[in-house]
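One chain, chain A, appears in both complexes that follow, with chain B as partner in the first and chain C in the second.
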Partner chain A sequence: MRTAAHRIDRGTDMNAATAGGPAGPVRPGTGTLRRVKSVAGTRPWVAAAFLLPALVLLGALVVYPIGFSVYRSLFDASGTGFVGLDNYGELFTDERIRIALKNNVIWVVVAPTVATALGLIFAVLTERVRWGTAFKLVVFMPMAISMLAAGIIFRLVYDQDPERGVANAVWVSVHDTFAEPAPYPGAKPRPNAGLTASGGAYTTKQPVRAGDPANLPLVAVQPGDLGEARPATAARPEPGQVTGTVWLDFTRGGGGTPNIIDRSEKGLPGLTVEAVKDGRTVASATTGPDGRFALPAAADGALLRLPASNFAAAYNGVNWLGPALVTPSIIGAYIWMWAGFAMVLIAAGLAGVPRELLEAARVDGANEWQVFRRVTVPLLAPVLVVVLVTLMINVLKIFDLVYIIAPGSSLKDANVLALQLFQSSFGTDVDQGLGSAIAVFLLLLVLPVMYVNLRRLRKERSR
Partner chain B sequence: MTTAEGVVRARQSLPARIAARTGGGVLRVALVLIGLFWLTPTIGLLLSSLRSPQDIAESGWWQVFTEPAQLTWASYSALLDNAKVMDSLLTTALITVPATVLVVVIGALAGYAFAWMDFPGRDGWFMVVVGLLVVPVQVALIPVAKLFGAVGLFETTPGVILFHTAFGLPFAVFLLRNFFAEIPRELLEAARLDGANELRLFTRVVLPLGGPAIASLGIFQFLWVWNDLLVALIFADSGKPPITVALQQEVRQFGNNIDVLAPGAFLSMVIPLVVFFAFQRQFVSGVMAGAVK
Partner chain C sequence: MGTSRTRHTTARTATPGSTTGSTTGGTAAARTRATATARAALALAAAGALTLTACSGNGGDGGKSEGSGKESGGTSVQLPKLSGEKIQVAAVWTGPERASFLKVLDEFEKRTGATVSYVPTGDDMAGFIGSKVAGGGPPDIAFPPQVGVLREFARKGWLKPLGPAAKEQLAKNFSPGWRNLGAYNGTEYGVYYKASNKSLVWYNTKAFENAGVAEPKDWAEFLKTAQTIADSGVQPVSVGGADGWTLTDWFENVYLSQAGPEKYDLLAQHKIKWTDPSVTKALTALAQLYGRPGLLTGGNSGALQTQFPTSVTQTFSGGDQPKAAMVSAGDFAATNIAQTKAKVGEDAKVFPFPAVGSRSPVVTGGDAAVALKDTKGAQALLTFLASTDAAKIWAQAGGYISPNKELDKAAYANDTMREIATALIKAGDDFRFDMSDQAPASFGGKPGQGEWKDLQDFLKNPKDIAGTQKKLEQDAAKAYGS
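So, the complex of A and B:
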């Protein structure tokens, strides 16, 4: 028995010379199917005993399920009625699955590309920085945590309320740096004070005259907006000027008279007052600390308008997890997790790029960008492809992040195939025929990669 | 500065030196900013977990920087008394440890057979295993749920362990076979001459030499199983869910339970992060070997 096995061994082993490989530090192999002679004749039952646990588990829980899924996908929800390829047809007609397919395409195109690009940039930037390792650890760290934890982290980041969600806090403060926030959001004139509303602005019904002060009483000012407002003062008539006061016509604790500037009532500083003639703004002024304003003579006979910009509701930031942005937002969370993966693999590839090639290009007068673009990137191409393909396979199956981050209200807008599969298989509207079809569809999408893996193995063996 | 360096420096033109200096400065500042940007979400979670529910409802976690008095362990001590969350952490450990050990042991046995034993159809079988590397778990959810239902493993911890073991195996066998194949033949033959049988060879020579690969694989599988949500959602005992499922149930009421979610999420991250920082190198080589999985 032993000799027979030995003979078979000799006979099949074409290039035994490479078998043991050079001695030295033991490192993970590259995936070659190098022919190795068995140490000595192995009895087949020994080999079988070593392989049995793995083959049983793989057979029962991986291979058999593939067959069953294909079979099950040809039947209806009840599992008894044969429907042929109808479930696959439904993949492309059902509205929810169409959204999922569309989103999966966005995911597969955007997420791996951006993550790889960022990884490339980070790898190149950190290459010659001494504490580059610390930076790499920071960026790589999210890979160690669960998508569930990352999902919770980003639910907090994307909180709509700018007082709580950091994304909107930053966004709103950037927005408010460029667009002055309204001083008195929600404020409006006291009814019957001679002001009419149109499009958020308030305009006097009667034209104003120089030397005849105009009093514009407002109410519904948020207490927090009053700030350092001083008590309102009635404007004095000035010849050749239109003067007036805008004030909060409300006495704390009651007792004030409507439309009259009472003693304890506050002026409203910082309001824009415009004089409008025939729809054209002829002059404008801003109220002072006690609510007074003064317009030049040109305003004589015009209507006074308090433009809408005084009262616009505070800018509340972006609805990150609303129907329109939910998918890009979740992709952002994914990139946060996986850019580090790309970076680490690319950095390893970068370490293998011969320095002399880069130096030669520099000596030839190439600037850093040209060296990067024409030398580094082409040399890294194989690594970049591996990273991209790995991320694509990973993204194809994206489930946890979407399930956790998307709020119920926009879950259908964020839908992806793996989520639909979960819901069709175990959710509220179960159709395991459809669920199986989605599963088989996902498998079909990764078949090309399986083929490439196997071909590479073959090629390296025959080398 | 050594003299040699000084000479080199002196030879560079002034603009080149300024460019090198400031360019380096800009690069450093940029890297620090990117690093902070990357850390911000995690810091947000950490600080949120250290604030009271009222503070969380009223303002953002960055308020802590101006009012450090807001920091409190209250959410954590409440969580430690929360039997459901604590039990779920234990369940996670009870799933993760066996699923990791099993994958390493079964994968090593098969990897050794593929590397050093001769049997009919060896290459064919190995091709099948490599082909299975990219099979998505989604394909197995419905069939295995039915199978487990038939044998009483559905919604049990052993069921989850078996599922994770099976789907970890293609990578385990692939990685370990390639690693074991590099073991110098002389070592094995010497042991063989000393009269060691296959099992002895495996435990005394192959396993010790395979240390680095086994470490990579173990860490990879450990993190994978610890962090899993999908498989646990379907196959875990809903009365005794692992931490990911327990927290997922909390996420449904997101908003008024951040004092549970934030510390819970952070607790669930502690072990993976410790493993990650303690075994970075092994993790990285596992990730590299696992590319295109």
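So, the complex of A and C:
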């Protein structure tokens, strides 16, 4: 507020002295001009001459392009056939543009809010930390990176492979800390091996008998899971026990006989084998280093089951850039960049908050939360609005991050209006009429925000 | 269009492409003396020698003497002096491909004195060039990687026709099939500098050995091989589904082999619909691969997140336990393999795409150089790119095959590339060009839409064949405007 007032003063001074500097024409309101004229005694044509350069520039660079976009949006792809409002009709029927519109709404609601909230938290907290400036510097640092570079960085961060993408590396290691990974993910029996699949588990078709060893062959075991497995040995018949072998029925280099334990084939240690009677588990055992297991006599006549927990696919983390999460992921990258911006502006505003008010509140017995909620935030409200509105305008035209981060397979789900505008307008086989319509539509979306901004400025000035 | 420029190039470069031995050598000598520099004279001598060998020998030993002629420091093409000229080149190549191409540009700079800058355009060449043209500052030379894009550029009048020198090189070094691909309405615009044979499957020999399988010949065998490798514990087929074009290549190979070249051409021109039964058959065959659990590396959703370079490197890294065993990719995959420890020809071998119908398909692609500005430098670079000299540099660097039929096969870095290149040249004009590359860009050439996106959806849900066809037809109808 102080700065605005200051500008006006300086502006008036300059007007008085030089009849309108470059600051003159920027400010709307002919009333001011008339008053200036009466004070300085300037003739209208002098004022016009001084205004001319600015008007020409504005006209050529802002007004004309807008006008031409509106005009162009009423024509077809070739630019010769008048189609009226058809392009705008297509805007709301084309599926891709509808998705883009929906995503833009999500962006405008979520990104500025979260970035401002984070900025507020950082600003308030760093104000009290000794190393606050250093911290602020670090948070602000991403702002120094171009959107393009940030996009490339985050494409790597969100990589699906935990070996490359840091997001999934963290996620998978946290997950695996709480859930033991299965010993043989993806392993399964051959189709004709006498085992039936049910919900990831495999059960024998025939009941087993004590003294008659059961052989359970599996394939598709990943070589890395074998570890120190020893060559499989056929189980000996033991009276009063159900014995058997679970082994990898695949000879390296081929040549083995299916369902027979060949010489170099390995046993699968650490597998759980259950004996099931009428759907109830009556006994269970774990295979030894050479793949053998032994179940008590109770298992006689039961079906053998290899439960699904043996084979659950390795946890591969979150599909950050898949269709469902791609927009939130990119918003995350945006917030990483812009929270620092919000923080710096809010910190500046915070420096201007009178300490006495906070002290007074504390003396009155308010706790820190109440001071923050009832005193700091209301005092900061103007700054918060500035930050929010700036970010909103910024977010409406978001393009680069989406263009770079989203992989082709989920580009459609990450689409935003500015990106669609680019795709519709440039390249071969494009429709600049439709592109112009999107541009005009974007302009319409920005206008209310601009209006709020202008009104707020004017209110401040009149104070 | 500077008439002065045209005159100039004709005068300068009439030498190399000459077809009639000694007389042309004489006139050329006279001209060179006019601009006399020792280097040009040397170049001329070699050019003369080359012309002679080209005339004398259609036989085997002709190639040999040609090679030895070049080794003695000669060149097969003569270029004008372009000191101080600045040329901007835009192409899609990045990483090792970019490095190899820069070597070619370096040689051009050395010979002409021009300064050439290279701009990578990203996947969306059409969008990149479109925005540059709209802004009035297109690069001098671009390499549209799709023939459809080349034709659209030509239709919009963005392209400048080839100059006489470039045409001469083209006539000497390229078969009519390739020359037609670079032409639009009878005017020659493009020099196919780089070709690719996309009907290949690269495989990890170690994984094949471990599973005890051999190279499959047809589709049924291919699926069986894949299943056996899956049983051995390796998810066999690596698909780079994050890039849509890899999926269109899969489809095209299956379709060309199964439905035959005539239907292929009809579909490419959208004269039959995508709802045609032949498409159903091809997608059904593909679904046998995409739809069976355990055959795709990383599963279907994993494949959709895998970009092409990763799909190759993951097949050939990991030593005894690779993540994948096979990847269907063009010859250019060799460049990516070079980034792993695997050696092409030993650890990484290649077999022709299995025959789904009666014969194995030969689908090709290629990057054509086109001029967007009518400058002396641009024409000189096109001339150079049409010559065997330029082809030789990248061939030696590897990961490249040239449609240039005069290129000495000894230039290729290894036997595998040599085989692939020989097969391509041998196919003569029987090859078929990549179908999606012939389509309008909004159907066959842009990420996140059209055929790319529809096939990605198909990879996600291989059961929905009818739905995929419907979507393809819908998008095609919109893009072809019919």
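Here, the second predicted complex is superposed on the first by the 284 of 463 C-alpha atoms of A that agree within 3 Å, B and C clash if a C-alpha of one lies under 4 Å from a C-alpha of the other, contacts with A are read in each partner's own complex, and residues count from 1 in each chain.
Methods note: a contact is a pair of C-beta atoms (placed from the backbone, for glycine too) under 8 Å apart; a residue touches a chain by one contact, two chains touch by 3 or more.
None of these values were measured; they are calculated from a predicted model.
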**OP:** Classify the contacts of A:V221 with the two partner chains as first (chain B alone), second (chain C alone), both, or neither.
**Re:** second
Original post:
Between chain B (first) and chain C (second), which does A:L454 come into contact with in this model arrangement: first, second, both, or neither?
Top reply: first
Original post:
In the superposed arrangement, which partner chain does A:A47 touch: chain B (first), chain C (second), both, or neither?
Top reply: first
Original post:
Of the partners chain B and chain C, which touch A:G186 in the superposed model: first, second, both, neither?
Top reply: second
**OP:** Using the superposition on chain A described above, determine whether A:F68 touches chain B (first), chain C (second), both, or neither.
**Re:** first
Original post:
Of chain B and chain C, which one touches more residues of chain A?
Top reply: B
**OP:** Mind working out whether A:S264 is in touch with chain B, chain C, both or neither, as first, second, both or neither?
**Re:** neither
**OP:** Quick one: classify A:P407 as touching chain B (first), chain C (second), both or neither.
**Re:** both
Subject >> First (chain B), second (chain C), both or neither touched by A:T281 >> reply: neither
**OP:** Mind working out whether A:L396 is in touch with chain B, chain C, both or neither, as first, second, both or neither?
**Re:** first
Subject >> chain A positions touched by chain B in one structure and by chain C in the second >> reply: 407-408, 422, 426
Original post:
In their shared complex, at which residues does chain A touch chain C?
Top reply: 96, 160-161, 186, 188, 190, 219-225, 248, 250-255, 313, 316, 319, 321-322, 406-412, 415, 422-423, 426-430
Subject >> chain C - residues contacting chain A, complex >> reply: 123-124, 126-131, 134, 149, 152-153, 156, 209-213, 228, 230-235, 241-244, 294, 298-299, 301-302, 304-307, 310, 320-321, 440-442, 446-449, 452-453, 456, 460, 479
Subject >> Residues of chain B defined as touching chain A within the complex >> reply: 27-28, 30-31, 34-35, 38-42, 44-45, 48, 56, 58-62, 106-107, 109-110, 112-120, 123, 125-147, 162-163, 165-167, 169-170, 173-175, 177-179, 181-186, 188-189, 192, 198, 201-202, 209-210, 212-213, 216, 223, 226-230, 233-234, 244, 247-248, 251-252, 254, 258, 261-262, 265-266, 268-269, 272-273, 275-277, 280, 283-285, 287-289, 291-293
Original post:
What residues of chain A sit close enough to touch chain B in their complex?
Top reply: 5, 8-9, 12, 19-21, 23, 26-34, 36-42, 44, 46-48, 50-51, 53-55, 57-58, 60-66, 68-69, 72, 122, 125-126, 129, 132, 134-135, 137-149, 151-157, 163-166, 169, 336, 341, 344-345, 348, 386-387, 389-390, 393, 396-397, 399-400, 403-404, 407-408, 418, 421-422, 425-426, 432, 435-436, 438-440, 442-443, 446, 449-450, 453-454, 457, 461
